[in-house]
Amino acid sequence: MIVVMKVGSPEAEIEYVSKEFQSWGLSPEKIVGKHKVVLGLVGETAGLDPLQLQEISPWIEDVLRVEQPFKRASLQYRQGEYSEVAVATPNGVVMVGKHHPITVVAGPCSVENEAMIVETAKRVKAAGAHFLRGGAYKPRTSPYAFQGHGESALELLAAAREASGLGIITEVMDTADLDKIAEVADVIQIGARNMQNFSLLKKVGAQDKPVLLKRGMAATIDDWLMAAEYVLAAGNPNVILCERGIRTFDQKYTRNTLDLSVLPVLRNLTHLPIMIDPSHGTGKSDYVPSMAIASIAAGTDSLMIEVHPNPAKAMSDGPQSLTPERFDRLMQELSVMGKTVGRWTEMAVAV
Amino acid sequence: MIVVMKVGSPEAEIEYVSKEFQSWGLSPEKIVGKHKVVLGLVGETAGLDPLQLQEISPWIEDVLRVEQPFKRASLQYRQGEYSEVAVATPNGVVMVGKHHPITVVAGPCSVENEAMIVETAKRVKAAGAHFLRGGAYKPRTSPYAFQGHGESALELLAAAREASGLGIITEVMDTADLDKIAEVADVIQIGARNMQNFSLLKKVGAQDKPVLLKRGMAATIDDWLMAAEYVLAAGNPNVILCERGIRTFDQKYTRNTLDLSVLPVLRNLTHLPIMIDPSHGTGKSDYVPSMAIASIAAGTDSLMIEVHPNPAKAMSDGPQSLTPERFDRLMQELSVMGKTVGRWTEMAVAV
Amino acid sequence: MIVVMKVGSPEAEIEYVSKEFQSWGLSPEKIVGKHKVVLGLVGETAGLDPLQLQEISPWIEDVLRVEQPFKRASLQYRQGEYSEVAVATPNGVVMVGKHHPITVVAGPCSVENEAMIVETAKRVKAAGAHFLRGGAYKPRTSPYAFQGHGESALELLAAAREASGLGIITEVMDTADLDKIAEVADVIQIGARNMQNFSLLKKVGAQDKPVLLKRGMAATIDDWLMAAEYVLAAGNPNVILCERGIRTFDQKYTRNTLDLSVLPVLRNLTHLPIMIDPSHGTGKSDYVPSMAIASIAAGTDSLMIEVHPNPAKAMSDGPQSLTPERFDRLMQELSVMGKTVGRWTEMAVAV
Amino acid sequence: MIVVMKVGSPEAEIEYVSKEFQSWGLSPEKIVGKHKVVLGLVGETAGLDPLQLQEISPWIEDVLRVEQPFKRASLQYRQGEYSEVAVATPNGVVMVGKHHPITVVAGPCSVENEAMIVETAKRVKAAGAHFLRGGAYKPRTSPYAFQGHGESALELLAAAREASGLGIITEVMDTADLDKIAEVADVIQIGARNMQNFSLLKKVGAQDKPVLLKRGMAATIDDWLMAAEYVLAAGNPNVILCERGIRTFDQKYTRNTLDLSVLPVLRNLTHLPIMIDPSHGTGKSDYVPSMAIASIAAGTDSLMIEVHPNPAKAMSDGPQSLTPERFDRLMQELSVMGKTVGRWTEMAVAV
């Protein structure tokens, strides 16, 4: 930590502040600049809050953090080695990570009925997807909108898993539902709106299934990695980060702004695998293919694509869902791009 | 709803779309414009999703909603009459609403120990506050930061309530904790990070204590009112909306951007009472007084101010907390402003 | 400046970096932390760019600026003394600044014809305004919208000045128009869209008339003060800062988000006088009065209010303009608030 | 336009509003909905401002635009045919557009001296670039930072053009400098900060050289296309749109957020060619390559990349500049991606 004293700080105050920091077990080193005095704090500062330190004296102008606030999520924590998440699915273990082929998650926003989810699972499996997504519990802006079929949808997901061999990714919204979701899901999703639901983060961190952590609508990179840190600190090392668009000043043509620069940025900061969701990221099915292709070009480890057998009749998120036919074509396009970057296998899954 | 067809839409497609809407029980009325055809949909459209309607045909360019998405939260729902929230406290019933004197909530970010919370309660009571705030469960960006004392802090809040007679406002973060919090709290707070934790909203909506709903960091006015709608639709009519700053592109000098224009905007849209939290809204105690005063001038019903007996030693949010002395002075300043706008009583609470 | 070296930086690299800084005339002081080494740079660093310094070595993780980037605009530059801008008007000198009564600028968005601008001038003068605003050159989003009457409108402003005795504030958009505008205007406005039109800033800085500098739609506080610094550095000390709302993620009910927290923030940073424009800040006349009143409560030095004799027929910005009748009433409301804060004179102008 | 009347609007008011619109030459068609009445306005509405219409009556709740605000920039204006911009360079005509190979613009932020600009031009030409960028007039946040060598730099650009055969792209900041810049430049750049400098837009629209229009930091897609409309309406059809990152809430790791979704969005809206600038878009040279590659995958027509012979000593924008060696490698990577999407020629320029 670097403590910047205001111009004209009395010598006595600087002394006082230094002593105060010493009493906290830190060694303050003083640098007398042309206009200002700064104190470099040497010691265990990771747990300290810069804003808190600033309260010690009204003569402190600013406190600058030199260390990153996240530890277990940092690339340094693993000495620069990227982690991988291994997911056991009926079709075999699927590896998600920088040194593995790209994995594709596909499926509808919500599980609507058995026929539709089983059909969709088979279709996306045939097209080459590795995981089925499908919501049992749905976070909806309106209380009057379809809220998901809940517990009964979990059984339908289990049926689709059985029928297709695909791993299941589904969202948890309430700590009370976690156990029953974890029985069916191969990966548990934390949605954007719950990215800072810390109770939920702690609880998914205390169980074994891998966690897909979506970025919050207004979450900075640091906020996001700190949310991952909650899961990691609670004991679960298997976290996948999923970018799904952020909220900006322009929402006329896209629901969110898909931030693909997270790919090179996160690679510098964290060892965790990365997924991109261009369906939520743009909110419009027309825009999904080019953003999916660009994600592979920019280095993503995984993609999440909404697919619905009949988007016009979907109970949620129809406008951003691809038809199975369009998804088939997209998988062909993705395979071309995946091969260009050397990260595609026709059969990524050992049957 | 208004459906805008693309330029050059074939007549047959317009027919098809119209028939489709008729099959949904809606009456589409066609307007042939100079370049485009639009269909006005007459009927029960409140539950429909504009994005969903758009999926009916690729020739639909846009679907515009004419109705507000919220119902129970709307001012029209109460024929233009503003609602009030009555809170029973040991000191008597405190009314929060547009036709009542301004109420003030004060207290520390976290409950740290019995002495500090009881002392603070007495101090802010003496200064004229109506409610004590204090966190038992704390949402913190870092898992390594102080997370609140949890259940044991609830007992300390009960002691402070007893000692001061003030009503208690404290935050719930997990549906599992709601019952025990509701035993102590007079008003239950939903924090900004949980504004779209819909499980939690439904659950606080299904109990009796009034709910303080903080605006999410990137929540639009509509998002916020729809979150209130969750509570109202679940049966609890006692919701207070609390603005606490939004996230914008500039976070150097203030943590958030306090959006005081919500005051006139919400008055046009909703009957619910409004509170402003300049402590979180600015993140810096220096900026709290002028923003608190401005809030009263702009018409707020209530204020939430962080006060800590020793901000420099606070376990959370020290930088935005006032000392009890500064709070005393602020209450004097607020009383001048409150009298100017005709909404101040020296003893707002019937003892 | 503080230079933070990456974890594991080789000693030789730290040496190299230190030598490099010495060759720039700076004294680097090394602090060896628990994980990282930081270098404090002592010397003349104000003109240096932190990003530039970072390029010296790939082992530099970050460069943190300790000094503010602005000088002449800073409060320290005037040893904590706030500046005032004196404007000579036909009615006498009007002082704008923290130690003077609040000044009010009123008038239409655009000058439409002689009758309307002269009538408006007289009306707002009678209501107590000190300056007349009115656009001759108008920045419009669409090339097909009314662009202002240009040079001929300047004559009409001169006539309104003569008729009312009010000082004139009007916008310059092109360096080529500055001289003729300066002949008529008492204060020259730089609009939000030109806040970083540096050619224009230099040119208004090189002439004598006071400058009203509107904040850009996405300008940080630092950007804004650096724009002021351009004018000050070019030799013109008479700059008034005008907040007019920033662009955020919610534009449904207000065109911009009026950031009233600039009032306490700027007071800590700069000596320059501050004006608030709630008309552009909200974009809707309904919301103007409460935000104007709140601005006074929060400490503004001045207000800019759009007034039009017939908003429904205004050639631009009608929706945010008050009628003269509503403005009369607002001035009564403002006088109550102005007296409460001790900054109102019925006749602020010496005739 | 669609006019939405408030719930409970008196019949007489609806009559009045309808008559008013008729007097404007529009035909209002009334639709009586379940709760509200809406009026569809048929006629020439493109030049009308929805906010203005709303002023006609306090009973009007909202006015919704059905038409796009831009005309000449729209894809419909050219019946769905994409335009191309032909630039005459010493090496031959370079075509920029959707049906042409990808073009690459490279070079330093600022022209520093003859040797550096000529050397850089030759290097980037050898690597395959089609245009040289280099600033003579530089928009800098600080008045104390290097402002560009101005007119003398134009001569150096002419020398680099001569030596390399590359076309020159350089920025104009002031209408007064346009003529001399147009003598040297093959494409004239409008920078992000001047995107709504309407005087400048009109003036570059009134001359013959193609215009590169950078997106403003907080410009919506509509704002950007309306800025292009200014140039087109003034008579210059040769406009290239350049995305360079927008300002969002997170600026810690990237200076801006590069919005690659503009690629599919703009393709649906406009016929104009598109360029992506990942150097400004990210602000950090490390992140440029992956974003450049992703831009090609997502369908860009052109790229702008900052290259400097010695980024650590660059007078501006060093941190985001590639070394010539890194640029050589990037061009190899881009050629792989360009061939994958079928838009790359080793010799894109006819000599």
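Residue numbering begins at 1 within each chain, and the chains themselves are lettered A, B, C and D in the order written.
Please note the rule applied: a contact is a pair of C-beta atoms (placed from the backbone, for glycine too) under 8 Å apart; a residue touches a chain by one contact, two chains touch by 3 or more.
Here's who's who by UniProt: A, B, C, D = Carboxysome formation protein.
None of these values were measured; they are calculated from a predicted model.
Participant: Counting residue numbers used by both copies over all numbers at the interface, does the chain A (Carboxysome formation protein)-chain D (Carboxysome formation protein) contact come out same (over half shared) or different (under half)?
Facilitator: Comparing the two copies, chain A (Carboxysome formation protein) and chain D (Carboxysome formation protein) contact each other through largely the same residue numbers, since over half are shared.
Participant: If you tally the C-beta contacts, which comes out ahead, B-D or A-B?
Facilitator: If we tally the C-beta pairs in contact for B-D and A-B, the bigger total goes to A-B.
Participant: Measuring centre to centre with CA averages, how many angstrom lie between chain A (Carboxysome formation protein) and chain D (Carboxysome formation protein)?
Facilitator: 31
Participant: Roughly how many whole angstrom separate the Cα centroids of chain B (Carboxysome formation protein) and chain D (Carboxysome formation protein)?
Facilitator: Here the centre of chain D (Carboxysome formation protein) sits 39 Å away from the centre of chain B (Carboxysome formation protein).
Participant: From the mean C-alpha coordinate of chain A (Carboxysome formation protein) to that of chain B (Carboxysome formation protein), what's the distance rounded to whole Å?
Facilitator: 27
Participant: Any chance you could list the residues of chain B (Carboxysome formation protein) touching two or more other chains?
Facilitator: 218, 247-249
Participant: Can you tell me which positions in chain A (Carboxysome formation protein) touch chain B (Carboxysome formation protein) when the two form their complex?
Facilitator: Touching chain B (Carboxysome formation protein): residues 46-47, 49, 51-52, 54-56, 69, 137, 139-145, 147, 173-177, 193-194, 196-202, 217-218, 223, 226, 229-230, 233-234, 247, 283, 311-312, 314, 316, 318-319 of chain A (Carboxysome formation protein).
Participant: Looking at the complex, which residues from chain A (Carboxysome formation protein) come into contact with chain D (Carboxysome formation protein)?
Facilitator: These residues of chain A (Carboxysome formation protein) touch chain D (Carboxysome formation protein): 218, 220-222, 246, 248-250, 252-254, 257-261, 263-265, 268-269, 281-282, 286-287, 290-291, 293-299, 336-337, 340.
Participant: Inside the complex, what are the residues of chain C (Carboxysome formation protein) that reach chain A (Carboxysome formation protein)?
Facilitator: Answer in residue numbers: 2, 4, 7, 29, 31-36, 38, 40-45, 62, 64, 66-67, 76, 218, 247-249, 251.
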